[in-house]
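Two complexes come next, and they have one chain in common, chain A, joined by chain B in the first and chain C in the second.
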Partner chain A sequence: MTDKSLNISLPQGVRDMLPEEAEKARYVEETIVSVLEKNGFRRVITPLLEYIDVLSLGLGAELQDKIFKFVDPVSGKIIAIRPDITPQVARMVSTRMRDYPLPIKLYYNENILRCEEPRGGLPSELLQIGAEYIGEDSPDADAEVIATAVEAIKKVGVRDFKIDIGHIGFFKGILEDIKASKDIKKKIKDAVLIKDNSSLQEVLSSVREVRGDNAIKILSDLPSLFGDKGVIDKLKSQVKNETAIKALDDLASIINMLEKKKLKNYITIDLGEVRGFDYYTGVIFEGFTKGFGRAILKGGRYNNLLEKYGYPCPATGFAFNTENVIAAVK
Partner chain B sequence: MKKTTSEHITIALPKGRVLKEAISLFKKIGIKPKGVLTDSRKLIFEDKDANAQFMIIRAQDVPTYVEYGAADMGIVGKDVLLEQQRDIYEPLDLGIGFCRMVVAEPKKLRRIDNPQHWTRIRVATKYPNITMKYFLSKGIQVEIIKLYGSIELAPILGLSERIVDLVSTGETLRKNGLVEVEEIMKVTSKLIVNRAALKTKPNRIKEIIERLQMALTQK
Partner chain C sequence: MTDKSLNISLPQGVRDMLPEEAEKARYVEETIVSVLEKNGFRRVITPLLEYIDVLSLGLGAELQDKIFKFVDPVSGKIIAIRPDITPQVARMVSTRMRDYPLPIKLYYNENILRCEEPRGGLPSELLQIGAEYIGEDSPDADAEVIATAVEAIKKVGVRDFKIDIGHIGFFKGILEDIKASKDIKKKIKDAVLIKDNSSLQEVLSSVREVRGDNAIKILSDLPSLFGDKGVIDKLKSQVKNETAIKALDDLASIINMLEKKKLKNYITIDLGEVRGFDYYTGVIFEGFTKGFGRAILKGGRYNNLLEKYGYPCPATGFAFNTENVIAAVK
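Let's look at the complex of A and B:
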């Protein structure tokens, strides 16, 4: 019986897991981890706390204002509770693992803390299982990582899911080909981000092209450039920008490799996906399952991250939101 | 009507003034459940031929249902979207349900008031987030009185001097002795889509967006 005279509560955003749910969590964690280990990923454990200036080096703009931080009473320095593990892995590899032969394949299974806007900025604890593939910049590495993610989802028992693949280089490339201020480009990005056709057409009406090579037409089509790989084929003849062409070629070869592994039915394409614009450098992907409104995994290529910790080295990876996977398994 | 094999879709529509226009838009693209406008107690209406259903709920709830995937798509005003800041796609401005969000105050006060001199004001509104952001961006401290309806009453009863609310004809303001001071934004309704629905049923969602877009240009 609860003693009504005591006020035994928890801060918002954190919770207990009772045995029934903890067992389910263990099943999901063990299954995913077994697939990662089978594919050659080795576990690392990173600390709960970091100095904020060290952590911030490797955080995308979207996470910068979601950090839970406090002042260390002894040193007066600001300390952060990690809102993401990938920058920690990047720091670890850059500072301590340079003598490991590349590629380095690592995974983690940790909790993170993020201050989310819908909760009025209060922190919430999330569980993440993630994999990082460090030291190889090739569509092969991207395809391998995506195939590993698919294998893990299947093994866990989630049915009817899709891995949605995009490429940040496509949008970045096309954006090079228009004459527009930083402000206008941000407006274009914000409209593309939420597939807002109406605002996008309005912004684009004031913009001109650098060379007259379809850039505006392609940008204005972006919100509807999703679906199967036909999206890529249809575009090939229209695109003139080199960065964008390279992005389409990368995507085509990744899909080709995934098809060879008989994973075609799990793949969708979305060239209008621009989340993590300043963080990712290449392929980006997210996992969705029918009837569950939010993503169960997110990932992509981040070739500039390790360099921020002093070790120029390409990398790609992904992370499961463990609780969303548990919810999707039912 | 020919039998369709496309995937089932759930559409959340807001009760109230936009509902009629929203339904006639979907009717144009062949989604037309029976009884939506006549049966006011039912909440879900099925169109078996189009393999789609409407859910009729409060406007403020539409983004929630769509973000969590309980509905695949929905229609809702920009006022609600901006107030709530959800993680969803917003593919089309449907141009329906036009109105404006404005700052208003009593006529008597307006005669002697200069908005440029505002440094700290008290405002009654249904939109605390939009109101807060709007005034803070102008460097004005604002004390917000959150109300759920009949905002125009607040200045009359001395709850606040000013209000932020939607106006369409301006008739309600006039009747309550209020005048518009400035416009915060123009409001129309948008089509919104759940992210997972767009990824897992891309063809069906794309088809609906494209057909709605076509229906809009033909208007």
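Let's look at the complex of A and C:
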């Protein structure tokens, strides 16, 4: 039966893990999960499949295009393979956990499937370990989840990592203070998103300020608005917009709390960071290691997500890309 | 946004696990995995997706109909969501682990998707923890995997369970000794499979023996050929077919080894058991608990599976249905 013409290949975006790598994965998973449990997060398991109209309630535009989906032949409804777990947790809490005392702290360790555009929209499996802190709208809660993420990364043994911390509200607030069409504002956002400074300067040249603040200057400076706490202090003297001020205050509180926990060396402020799924409403953050291009974790505050499933309730959280963490552990 | 008309339902065959259940799942998974690791099984991770022509090489007819599949728009090839992990492990070992010293002992802890016929072929997610013992064709290896399964179940805290042990070779051997068309033999197999005694007696009434053994009597007795070692002793005096004798000898060796390990109370012999995926070639077994109808584990010897991926190599193993184990832990 040894057929030499046998083509035993795997679909793109798909991988086996042999024992050496799978055991490293187990070590990474167990270590992260033990830190999450120690910090009071409890496990949940969500289904691989969801009706797309239910799942889509909680997905940002960015992920809508990446959903792998099929028609259920019996009901005629469209079923999706989960590309993200957070909307599933939001659904679960909103529909089945309303009698749990707040805050509710949950974690998961699952596989997801996304149709990634670089590869012609082919499905690609990712492993995620995530934590969600539901029911509290405070910098304390944000600082706690970031500190938990840092604790987990350190415990796993990843060295030389940084958490880049930004805030959706800052950019949103500054944008409020300029006079420009929706279309222009989208162009500004896109330029900031991909950190295309020359496009940003070009589109800003056609824009007028509304309130005489230096909103345009701040927008134009966005790509360079990163560093330590000094960035916040400097901006606070320039910014008049309330949403933006609230964002800076939130960020300052979060940074102070993280410094108290002696995590100063692991954090960078980056106000030019606006990437992320559309469900984020406040602080956003990403973890990177030296010499490894892809993020090992992403997270942020999403105060409007549970409401979409009928339970208005603030929340914050993050997810590790398990395979990127494994790759970052040498 | 609280829309009372919002229909937040889940597809059939799909479930959430809230913390109480998910934590029980974690306890069950961790306990089973720790027993597997203690016994030298090493973790592997297989992909959610496979090309169907590759996966199908190792799937029995029973599962071929249960595969959830879709056309990859780029390559035009058909991609399957795994309904079974064992063929994936066989593929992985055959193509990427040939330089590992034998035996190779592997385990996995994954989700699978099957289109289950009772529900109109809708996809249904199952969690499986499985162990594969590759590279040794001996009753020792079979006894070792069965003993490992028993150790895991006991450690999880399941009480009042039994492992039903049968052998594909016994039934196959006895069938060799009768004169009947393929079609009739299939009818016999089907009747035994669903334990339909009256159909079995009816179809057997038209069959002749070839060698003057009492093959017809043995086939007709199949549904009652269960119990302790006495069943084997009794049959050994009646059976002449070599394949069937070899099966009884294998079984006797396995049972003796399990008795030496003081596991006698957990095992039952059931030679009328012919269910299972088509890839089994030798001993087959299933674990049941008192008062819980569904099997908590299934396994057996599959000596021809790796060969289909180009690496002739015997193997034996089993898989827990994790959710059934959880349900069996009170």
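Following the convention adopted for this analysis, the second predicted complex is superposed on the first by the 324 of 330 C-alpha atoms of A that agree within 3 Å, B and C clash if a C-alpha of one lies under 4 Å from a C-alpha of the other, contacts with A are read in each partner's own complex, and residues count from 1 in each chain.
Convention: a residue touches a chain if its C-beta (ideal position, glycine included) is under 8 Å from a C-beta of that chain, and two chains touch if they have at least 3 such contacts.
Since we're looking at a predicted model, the values are computed, not measured.
Participant: Will chain C clash with chain B on chain A after the two structures are superposed, or do they fit?
Facilitator: fit
Participant: Now for A:Glu125: first (chain B), second (chain C), both, or neither, which partner does it touch?
Facilitator: A:Glu125 sits against chain C, while chain B stays out of touch.
Participant: Determine, under the contact definition given at the top, whether A:Ile8 touches first (chain B), second (chain C), both, or neither.
Facilitator: second
Participant: On chain A, which partner's contacts cover more residues, chain B's or chain C's?
Facilitator: The partner making contact with more of chain A's residues is C.
Participant: Classify the contacts of A:Gly291 with the two partner chains as first (chain B alone), second (chain C alone), both, or neither.
Facilitator: Touch status of A:Gly291: first partner only.
Participant: Would you sort A:Ala22 into first (chain B), second (chain C), both or neither based on which partner it touches?
Facilitator: second
Participant: Considering only touches as defined above, state whether A:Thr95 meets chain B (first), chain C (second), both or neither.
Facilitator: After superposition on chain A, A:Thr95 lies in contact with chain C alone.
Participant: Does chain B (first) or chain C (second) touch A:Tyr51, or do both, or does neither?
Facilitator: second
Participant: Please give the nearest C-alpha separation between chain B and chain C in the three-chain superposition, to the whole Å.
Facilitator: Superposition on chain A places chain B and chain C at a least C-alpha distance of 15 Å.
Participant: How about chain C: which of its residues touch chain A in the complex?
Facilitator: Listed in rising order, the residues are 1-3, 6-19, 21-23, 25-26, 42-51, 54, 57, 70, 72-75, 77, 79, 81, 88, 91-92, 94-97, 106, 111, 113, 120-123, 125, 307-312.
Participant: Considering the complex alone, what residue numbers of chain A touch chain B?
Facilitator: 117-118, 160-162, 164, 194-199, 223-224, 226-228, 268, 270, 286, 288-295
Participant: Would you mind writing out the residues of chain B in touch with chain A in their complex?
Facilitator: Listed in rising order, the residues are 67-70, 85-93, 190, 193-203, 206, 209-210, 213.
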